[in-house]
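Multiple structures follow.
What follows is a pair of complexes built around chain A, which joins chain B in one and chain C in the other.
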Partner chain A sequence: MVDTLLLFSDIVYGLLLGCIFSVMALGLNLIWGVIKIVNIAHGEFIMLGAYSAYFLNLFFNINPIISALLNTIFGLGLGLIFYFALIHKELRNKETITLQDEMVTLVATFGLSLFLSTLALLLFSGNSVGINWSIGSIYVGFLYIPLGALYVAITSLFIIYFVHIFLTKTYLGNAIRAYSQDIIATQLIGANPTKIAAIATSIGIALTMLSGSLLTVWIPVGINPYMGSLYAPISFVIVVMGGKGKMWGSLVGGLIMGVIIDTAQIFIPPTLAYAIAFLILIPILLISKEGILK
Partner chain B sequence: MRLTVSFYFLIGILFYISITPFIFSFSQTTLILDLLIFAALAYSINFITGMTGYVSFGHVFFMAVGSYTLVYMSKVFNLYPLFTIPLVGLIGALFAFVIGYITLRFRGVYFALSTLVIALASYYIVLVIPALGANEGLIFNVRFEPLIWFYTIFSIVALEAIITYFINHSRTGYAIRAIKDDEDAAIALGINSMRIKLILFIISGTFGALAGGVFAWSTAHVYPTEIFDLQFSLQMLAMILIGGMGTVFGPFIGAAIVYLLTYYLITILPNGQLIIIGLAVILVALFVPMGIVGSLRNKIKQIKQVVE
Partner chain C sequence: MIKHSLNKKAIAARTIAIIVAVIIVIAVVSIVGYYLTRPPSPQVAGTIKIGFTISLTGTFSVEGTSSLNGIKAITKWINDNGGVIIQGKHYNITFVYYDDQSQSSNIVPLYTRLITQDGVEFLLAPYSSPLTSAAAPLADQYNIIMISHGGAADSIWKQGYKNVFGVLTPASGYLKPAIDWLSVNHPEDKLAFIYAGDSFSVTASKAALNYALQKHLTVVYNQTYPTSATDLTPLLQAAKSAGADAIIGGGHFNDGQLIIKQLDQIGWKPKFICLLVAVTEPAFYSSLGNLANLVCGSSQWESSVKYSPAVAQSLGIEYFGPSIQDFVNYYKMFSTNEPTYHSAEAAAAVLILVKAIEVANSLNTTAVRQALLSLHIMTFFGEYKVDSTGIQIAHSMLMIQWQNGSLKVVYPPSFAETNVIYPYGS
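Right, the complex of A and B next:
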């Protein structure tokens, strides 16, 4: 018989972790939903975000939440480079993206993912590092909640809300949403499609790197060049679960994923929990490609 | 079916490779052995990704299946590894059938993602199976017999190349190219695309497993972190991309380029060879998507006869 208290606390931790997963998936979802391209190197951008948080903490003693904001700036820059180096050529002057273009970008971003993880391996070595950010914990009722995890979860929710406001209330946000629906119509209202696609991509990468920074709170000794291969599949599953292009789908999907991974570890070894979390993708795809959270 | 010039060209090359152990020195022969393992992997992914355009990121999974089957059978039942080869192929085919039956329903990016998560998930699953050595892998005793390894992998590559040739020149070859160009149109023409894709995927998985088996046999071990490393998937994709997707000679040319690149870079920049290969994949995918054979075929008419 599993302890109810243990189960309950794992659900709470799962929800806290799920908030970060949501931001992580949002970065992927924005790129996938708007320019219809899947970034296979998603996990490596998370890894870069985590390393950048680690080095900012090591040299300047900056905590993960502040470094998340700095990461956003790095991410915007890297995102622009990523867009113009890898994606722009396939999207230029096209109204719809064909399977052939999709294949080219898939393979190219897969190449990028191995390129970045090997580069990280050479520069930072394969040893796992981590940030020691202990600011105590609070005692709620009967379980301890680490304050770091709580602050990070709140930050994540704020970011998701902020992105939501940006996409629905500002001119640029509306243009991005218009682009995701109909590229020609976007041109008709006088918006430059290349500019919109580039901005959407760089915001996506910025969110991804930011989530990498927030994630460091949960992995005290888990920043290594291979971490991308763990978090990228999780993000893919979340986006597919919530439906691509649907922001709230990513939020709910992220929370569900966090709870699944955390509670499954009570019953089975952690590695098996991750395997199950990854494989959820296939039944979801068999049910519907537009996501199962409506 | 009328055999073209390229068939005799292919047979000539295969014959030349088959006598290399008697021409070259011992160390050069082991180099060619490794090259042939790469080529076997390249031909194996060529059947599905090269021919139909379905990108399989998880092809390393079949390699791992083959390695584990060969090592497990030879170790536990004390069989001579060569006798386990038919079983390795069978298990590979079985896994390919099950996985293909489910994932080939998804197109484009969804297929790529499902193969990727299957490869990653199977790695985490193997880590908790004690019979497969969990996270330590399996080691077994093999006699050092490079000539037998050489001719086993050579037969696999030769078979793959000849099957590729006959598929490309058969009626089914046209159907496969139709599927690659426009699957909906192909289905409308009455092509049973699911069956064709599944058969190709099974061929692909079988040969992937066979190549993985010989790889484990020649290295006398199978370690989960090594065998499930996605770099093998990248290298396989790199080989057919550089060589030319779906062609008869492309995978071999690509394998030679990627292998020699890896071989020389590993001494200059240990672990760094993937940086160069990753970059090469990005550049080739974006700028030369047809690969070497594909581009040459379109540019020069005379070559077309030899490579088609």
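Right, the complex of A and C next:
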């Protein structure tokens, strides 16, 4: 007999965690959905975001939420470098992205993934570190909620909302959406496709690094060069579950993943809980190849 | 007037010359006297090369670094005190080591290199049970003695290896002092076992769980987690929901910290917490601060526990090696921290090997193996005696607790410095 209170508290914790998963997946989704590039180094950008938050806290006592904002700036810069160093050559003057382009960029980002994790190992060693950010908790009924986790979840929801507003209500956002549907159409509305692709990529990387910063609240001793190997697959599953290119799909997928991972551990060991969360993708894809959101 | 002045100058010069001459004579006599009367220094006939890997990075870096400093300290002590005596000749100890990055995939290539390229004569096992399990087959494959100082899983000695010997209490005995204390003092407490999925943590926690049931304690929750776990809140919530009063388990340094931090995150203060390994490290307190206060742990050794020649004599066994204070003094040449049990057990492994070589009076593997099987001695680390499989059967475990920033031995009563403070969070 499952304890109802335990189930309820795990659902709430899962939703809080799922909000961060959503932002994490949003970064991947933007790059994958707009420029059709599967960024294999996604996990390593999450790791860089987490390390950045760790060092900002260590040297300047900056909390993970403020670090997330700073990471957005770092991420925008890194994203532009990432685009022009690895992606641009393959996409330049292309009206459509072919399978060959996808394969080349897949291998390039895989190489980047290995480079970044090895570099992190050399620079930071393999020792796990974490941020001590304890700002208390609140009781909601019988439930004890850490304020850090709550603030991070609220921040995540705001970020998703802002990204939505940006993509739907601004000229640049509309241009990005146009690029995702038809590169020629982007030129017809007077936008430069290279600029649009570069901006979309850098926003995607910024969101990814930002999510790495927010994630540190949930992993008090889990920042290490290999952490991307857990969170990259979670992000991929969320994007596929929510639907590639669908920003709200990332939110729904993230929340579902968070809840499944947390509540499954009531019934099964943690390792299996992650496996179950990945397996859930199979029936979803069998029913709808475009994900759960139409 | 001028003549008088010249006389004075001549007298002064002569006086200075006499003083200088006296100083030179005294210096020469002292030097000659020192060389004639000093005790003869042992003629070093050669060196004995010991090889090992250690975790200086990765999951076990904290424990590995402590272990390495212990090995450095005891090696210096041995070499400063005449080295190893074989057939009347003195040999110094040297060691070769590599950072295994806490990865078992690095163990086989690195140990193979130590044996085949570096030409080491004896091996120390790496830190931790998984890595020791990976290294142990090579000891038999290349017929070379390996002393385990950080691998406590009982399973290591169930494989039939003939060259692997342990100095520390096996995993199955780690949490017994905690269960003993609870069964005597708080038998009404409900226990939750939450532990890492590696062989050491599983063996230690399952043995403690069975022992708790034998002692008629109530176990309300039992769950493992992956060693790479970064979020244990669902498990801690489940244990809390099951009505647990005490948490027993953990694994190594990172997950030990994680449990304490996430207990704070979910706002639960169990009455009693006893974790494996992590708690003994000074970094546990320095990183957790007040949250670490009153957390209990298992320890193979603490510097406050006095193993001495007198204690050994009372047991009718020989005492070998430095006193605890000597070891601590040597350790501080290599580290600014106090030695932990990881430092001591690694040092004890070298000491036991040295004693076995001296008893065997040879570097021959068979002779040293026989000596290791027959030895029953005490070092600053405690007793050493193994059964025919090489598993340790004489060493005692301790329960320790952080009390206002200092680590105290609290159980068993024969070694306790003070009483357990209960409950956690009080």
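Structural remarks
The rule is short, and it goes like this: the second predicted complex is superposed on the first by the 283 of 294 C-alpha atoms of A that agree within 3 Å, B and C clash if a C-alpha of one lies under 4 Å from a C-alpha of the other, contacts with A are read in each partner's own complex, and residues count from 1 in each chain.
The definition used in the following text is that a contact is a pair of C-beta atoms (placed from the backbone, for glycine too) under 8 Å apart; a residue touches a chain by one contact, two chains touch by 3 or more.
All values reported here derive from a predicted model rather than from experimental measurement.
When the two structures are aligned on the shared chain, A:F82 is found in touch with neither chain B nor chain C.
In the superposed pair of complexes, A:S125 makes contact with chain C only, with no contact to chain B. Of the two partner chains, neither chain B nor chain C is touched by A:Y51. When the two complexes are overlaid on their common chain A, residue A:P269 makes contact with chain B and with chain C alike.
Within the superposed three-chain model, A:W133 lies out of touch with both chain B and chain C [touch as defined at top]. Of the two partner chains placed around the shared chain by superposition, neither chain B nor chain C is touched by A:F21. Once the two complexes are overlaid on the shared chain, A:Y179 sits clear of chain B and of chain C alike.
Applying the stated contact rule after C-alpha superposition, one finds that A:D10 touches chain C and leaves chain B untouched. In the superposed pair of complexes, A:F74 makes contact with neither chain B nor chain C. Judged by the document's definition of touching, chain A residues 121, 269, 271 lie at the interface with chain B and also at the interface with chain C.
Contact residues on chain B toward chain A in their complex (touch as defined above): 53, 55, 57, 102-103, 105-110, 112-114, 116-118, 120-122, 124-125, 127-128, 230-231, 233-234, 237-238, 241, 269, 271-272, 274-275, 277-282, 285-286, 289. Those residues of chain C whose C-beta lies close enough to touch chain A in the complex are 57-59, 61-62, 101-102, 197, 223-226, 228-235, 237-238, 241-242, 254-255, 257-258, 261-262, 264-268, 287, 289. Contact residues of chain A toward chain B in the complex are 38, 40, 86, 89-90, 99-100, 102-108, 110-116, 118-119, 121-122, 229, 233, 236-237, 240, 269, 271-272, 274-276, 278-279, 281-282, 285-286, 289.
The residues of chain A lying in touch with chain C in their complex are 3, 5-6, 9-10, 13, 17, 121, 125-128, 130, 132, 134, 137, 144, 146, 148-149, 218-222, 226-227, 230, 261-263, 265-266, 269-271, 273.
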